[in-house]
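Look at the two complexes coming up: chain A is in both, with chain B in one and chain C in the other.
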Partner chain A sequence: MKASLKDNTASFSFVLPALLIFLVFYVYPFFYSFVLSLTDYSLIGKFNFKNSFVGLQNFKDLLVDIDWWKSFYNAGFITFFALTFQNILALLLALAVDKVIRMRKFYRVVFFILPVLSEIIIGLLMKQFMLSEPTGRDVLNNILNNIGLGFMAQDWIAGHNVRLITALVHCWKGFGWAFVILLAGLQSIPDQLYEAARIDGANTWQQFCKITMPLLMPVSTLVMVLTILGTMQAFAMILALNQGAGGETTVPVMIIYNHLGTGQAGLACAEGLILGAILVVVSFTMFYVSKIIREKYGVVPN
Partner chain B sequence: MKLLKFILLLLISGTMVIGCHQSKPKENKIVIWHWITDRRDAFDFLAQKYKEETGIEVEFKLFFPPDIYGQKVIAAARAGTLPDIFGILGEKKTVARFIQAGHILDLTAVMQDDNLSWKSKFYPQTLEVTEFSDDNTYDVKPGIYGVPIDTNVMQFVYNKKLFQAAGLDPKKSPKTVDEFVSYAKTIQEKTGEVGFISGWGEGWLLHALAVEWAINIMGEKKFIDTIEGKVSYMDEEWVKVFSLFERLRNENIFPANIATMTNKEAEDAFAKDKAGFSFNGSWSVNVYSQINPEIDYAFFSLPVVEVANQVKVWGGAGSVFRVNADSPNKDKAIDFLRWISDRQQQDYLVVETNNLAANRYCEKSLPPVLKDLTKSFNSFTHPDNWRLNEDARVIETFNKGLQQIVMGLKTAQDVAKEVQNKKEKVTR
Partner chain C sequence: MLYQIKKVIFVIFLHIFLMSVALSCIFPFIWMMNVSLETQTQYDQDYGLRPVTNPNFQNYKTVIIDEGFWRYFLNSFVYTFVTVIFIVLVSSLAAYAFSRLNFPGKNFIFYMFLAAMMIPLPAGFVPVYTLLQQFGLLNRTGYVLAMTNIGLSISIYLLKTFFDQLPRDLEDAAKIDGCSKLQTWWHVGLPLVMPALGVVIIFNALNVWNEFVLASLMFSKDSYMPLQAGLMQFSGKMVTEHTLIMAALTVAALPIIFLYLKMQKQFVRGLTAGAVVG
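Right after this comes the complex of A and B.
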């Protein structure tokens, strides 16, 4: 049955506000960024495309810019820890809280406190926690000394450790999100499946491998994609924690931000587009891989 | 129901129209934007005084942090909503772009009126920062494009209390790098506090010190020749500059996390007698006195590497107010700036904010610690006074390289090579 023009108009009018917002705040800035990326425009003064046009020079410069690709390495390093350490920790805690344990509501709130706090606050708090005198409180080293692990005391936010420490602080701050999403995923798995498996003689490990993991796959994919997108764009916490540590923890967004501040808007737009393109490719790859896994486990029909 | 929908639609449209409406500037009101939030009370007092004297209202809108302020000004310039008077954060190239875009008023004529009556009030070195000379390379019409409110000097500073505690003479500051290192080590050994501290997480502070040492080692001409591309950053004397930072690290006179430290943190530690030396700007006098009014300290000249060579001090650039060329109140804005740069107001700012005045006739009001700094005015150097500036991308690599040296991740040779590679890439 064909919809009448009146129906179509009515339906379209409901979509129109969202479409307008999407066009004005997403599509237009994207194309404008692309246009700017082909120029050396500084954002100051009238934009004259002809006078400021530099072709693909910004992209060419970035291809051979060691600092730019090092920032991807730094972000990738932190992302790797977020994908593994952070998400495994979140899954273990979600599994623990999903079971009937005492004070589970309390734990749910506690684990979600960190993501609610501002990244800047976390960065500054951890800085005070780990920094030695005279600028920090040396809390971590004092704790280590008091529990007999004084040999581990060191300058945590300095030297070769700084990237690893940044990754761990990021994971500590971020695991709450993954925890909440994974917990929601776990709670959506019907109990009857576990009951049937137990009757059939499946042990806990088999239940986890054959029921929990496959049914959690869509949620896990979402968590992984969100982790990648969130971590690759991390910025404020790192800035507050160590200022980029001479390039050791500088991430792409930090470089884009600096270039915008120094009047290199064309270059910053090119950087933004490259970062966006890489994240889109990674996200779609993740969804594709997840689809293959789900098909293999029979969670979605072939 | 229809009436209700109509009223709702009217309210929403009305709100949107009001939201988009740009309020007209008031005729008897000047709006000023700046980032120097620590002087809010003093500025508000002066604004009140100006209103009483002239009937013109002045509103200071101060924003923090500075880098966010920098982006706000650029956005306002794009949107055509710049205030009557504003400050610009950034290198001279950025100021030049604002001038080229017609956002900043040329003040040359008014400065030179009445036999240079306004211009002659300022220290020439301070005013120079706001000028574009005849041979400037920024394609800007030569002239004066701002009014300095204060002067800034970057110098070393030492804690007299820790000097005494370490058995050092508090009247005798180190003259050479060797002495400086030796004093810093003595302070560490005798007092248990750190020898030297500075906010080297902020790359520009490292850069300022490196420039002072570079000019001492190779002279200003060779330094400028490097910016012009005539001298390589891998030149022996440049490697010597980078090696100085390597030496400071190897001597273990500063905290291991110095390259991730903000200047606020370093200032806090120095003011609380936790470090023997620091490298900081003259604004720190106000900061130190706010943190610890009892602190006993003094500034001193750069500890030199080459005793026979010239010493230049990074300075001259304080806060500069620019007049919006499109402002309907620009004449009133100029009158206010003329008033605030008068001796009486400048004296007040010196006393209340502990900053070096831009007005040359205010030396009597300066506290002794600031008075000492005026001796260095004749040896100022600053990127805003150079004929040309280094590319921002090279400076970024330079600063990061120095940070990596002080973190012990790279050698002087590595950094010299990286900076030169970057220089070649950006000039290609």
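Right after this comes the complex of A and C.
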């Protein structure tokens, strides 16, 4: 039975609204940003390609822009901590919650509060908490003094450790998300496998290395890829926390945001494209590496 | 016996570890609420670290009424509500068609949406903002449309996979009874897909509610500003009014925390939807 033209049109009209929005707000901007990146359009008046065309000037400028590449270093630094500290903490917590029977639900609920709240709320709250004199009160330093850790007291918002502190706040906000995904991964491992291993005389460590680790590999690779993509594009929390701390915690998206805010749309587009290209390369590499790891562990890639 | 003692000690150790991390998550919020109930003089003395004995609700009144947070709240609510309605309607229509109907180019269009989900535009707000400016859409309509697009691909994917798992019997019955395609979608498709719609709604609602970048670029006037942009502006304006900032943060955070505690399952599923898809 061949569908009639009228029938096809009726069916097609179901996807038409989605397709229109998608074409206007995703496909068109996608190509539009390549065009814009070749201009010095400044958001004043109608966009005119001929008048504002500057060739590859934006990219040439960015290539030697130290601030721009330093922002990648900053974001990479935070990403490194998110990958190691945040995800290892999340894994340890997931393993612990998987083991304890009591209060399992309580921990799960509490750990997930932070990912639910907005980056602005977390950033501003931590800023208030760590703010120092003269504009604020030394709340955190005061607590540290009272519990005998006074030697740790410092300027948390603008001191020389600000990059590390920003990374830790980022991990604090993000660990609950990784925790929930890893816990779901842990709980999907069938108990029979552990039983069989115990009967064969495997100890806890052997069980972890031979069962938990390889079976958790797909989930943890996914968490790692999403951590990289998410953290390299992190921005609002840092803006709220310390506004970039004079270049110490400026991240790429913050620079793009500031340039767009001052009307440099062409430059901002070029920056967005560079960031996008780097992220695509990074995530493809990650997927490739994870495929090799999974094959090595003998887990069929899904 | 020895084994059991060892096990108990191990579990206690685990609880200490988990508890200390849990405390680090809870304490800042208790401190936040505590400070929001203090006067500035009290805060200068005890840094908000002593429980308030005589709560002072003046800060809330100042923030919500005098500083116009009720308006930010209302704006956020309207943007979230309208965007979610749009997404639910548009994406369920499309998902239904991708799963149940046939037309030329169906697979191509579906894979296009899939590709968009896999390759998110980094800093996509730049071309979108410029585009809206060119169209003269730097207003609430433009914002809602742009936000609708952000949640669209993933919602279509989630709903389509859910539709695929459902039996077709009911729809066939509806067809025999003379329902048109649109009627079948509305009377049969939508009610059946309800469980998946919950995830889609929470995912997108949180996404719009917590969105900051585009909103802060688009709305400079107080009367259109949503909550996150309003918070940011307020904290810049009131640098030294710590108790007021804390009251504002409490106003912004508490409703979400309450909603989350009421509907934990949906929140977790909604927020990890992105990961499940990948």
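Quick note on the criterion: the second predicted complex is superposed on the first by the 273 of 302 C-alpha atoms of A that agree within 3 Å, B and C clash if a C-alpha of one lies under 4 Å from a C-alpha of the other, contacts with A are read in each partner's own complex, and residues count from 1 in each chain.
Heads up, the rule we're going with is that a contact is a pair of C-beta atoms (placed from the backbone, for glycine too) under 8 Å apart; a residue touches a chain by one contact, two chains touch by 3 or more.
Small disclaimer: the values here were computed from a predicted structure and weren't measured.
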item	value
Combined model on chain A: chain C and chain B, fit or clash	clash
Touching partner for A:I157 - first (chain B), second (chain C), both, neither	first
Touched partner set for A:A245, first chain B, second chain C, both or neither	first
Touched chain A residues, chain B compared with chain C	C
Contacts of A:G55 with chain B and chain C, given as first, second, both or neither	neither
Which of chain B and chain C A:L260 touches, first, second, both or neither	both
A:V15 touches, of chain B and chain C: first, second, both or neither?	second
Touched partner set for A:C269, first chain B, second chain C, both or neither	second
Which superposed partner A:K46 touches (first chain B, second chain C, both, neither)	both
Where chain C runs into chain B (options 129-137, 147-155 or 165-173)	129-137
Interface residues of chain A shared between complexes with chain B and chain C	43, 46, 131, 135-136, 260-261
Chain A residues within the chain B interface of the complex	42-46, 61, 64-67, 131-136, 155, 157-160, 162, 241-243, 245-248, 250, 258, 260-264
Chain A contact footprint on chain B (complex, rising order)	67, 70-71, 74-75, 77-78, 90-91, 93-94, 97-98, 100-103, 193-194, 197, 201-202, 255-257, 259-262, 265-266, 268-269, 272, 274-275, 392-393, 396-397, 400-404, 406-409, 418, 425
For the chain C and chain A complex, residues of the former touching the latter	11, 14-15, 17-18, 21-22, 24-26, 28-29, 31-32, 35, 43-44, 47-49, 89-91, 93-94, 96-98, 101-104, 106, 109, 112-113, 116, 119-131, 133-134, 145-146, 148-149, 152-153, 156, 181, 185, 206, 209-210, 212-213, 217, 228, 231-232, 235, 239-240, 242, 245-246, 249, 252-253, 256-257, 260-261, 264, 267-268, 271-272, 274-275, 278
Touching residues (chain side chain A, partner chain C) in the complex	3, 8-12, 14-15, 17-19, 21-22, 24-26, 28-30, 32-33, 36, 41, 43, 46-47, 89, 92-93, 96-97, 99-100, 103, 106-121, 124-129, 131, 135-139, 142-143, 172, 176-177, 180-181, 184, 222-223, 225-226, 229, 232-233, 235-236, 239-240, 252-253, 256-257, 260-261, 265, 268-269, 271-272, 275-276, 279-280
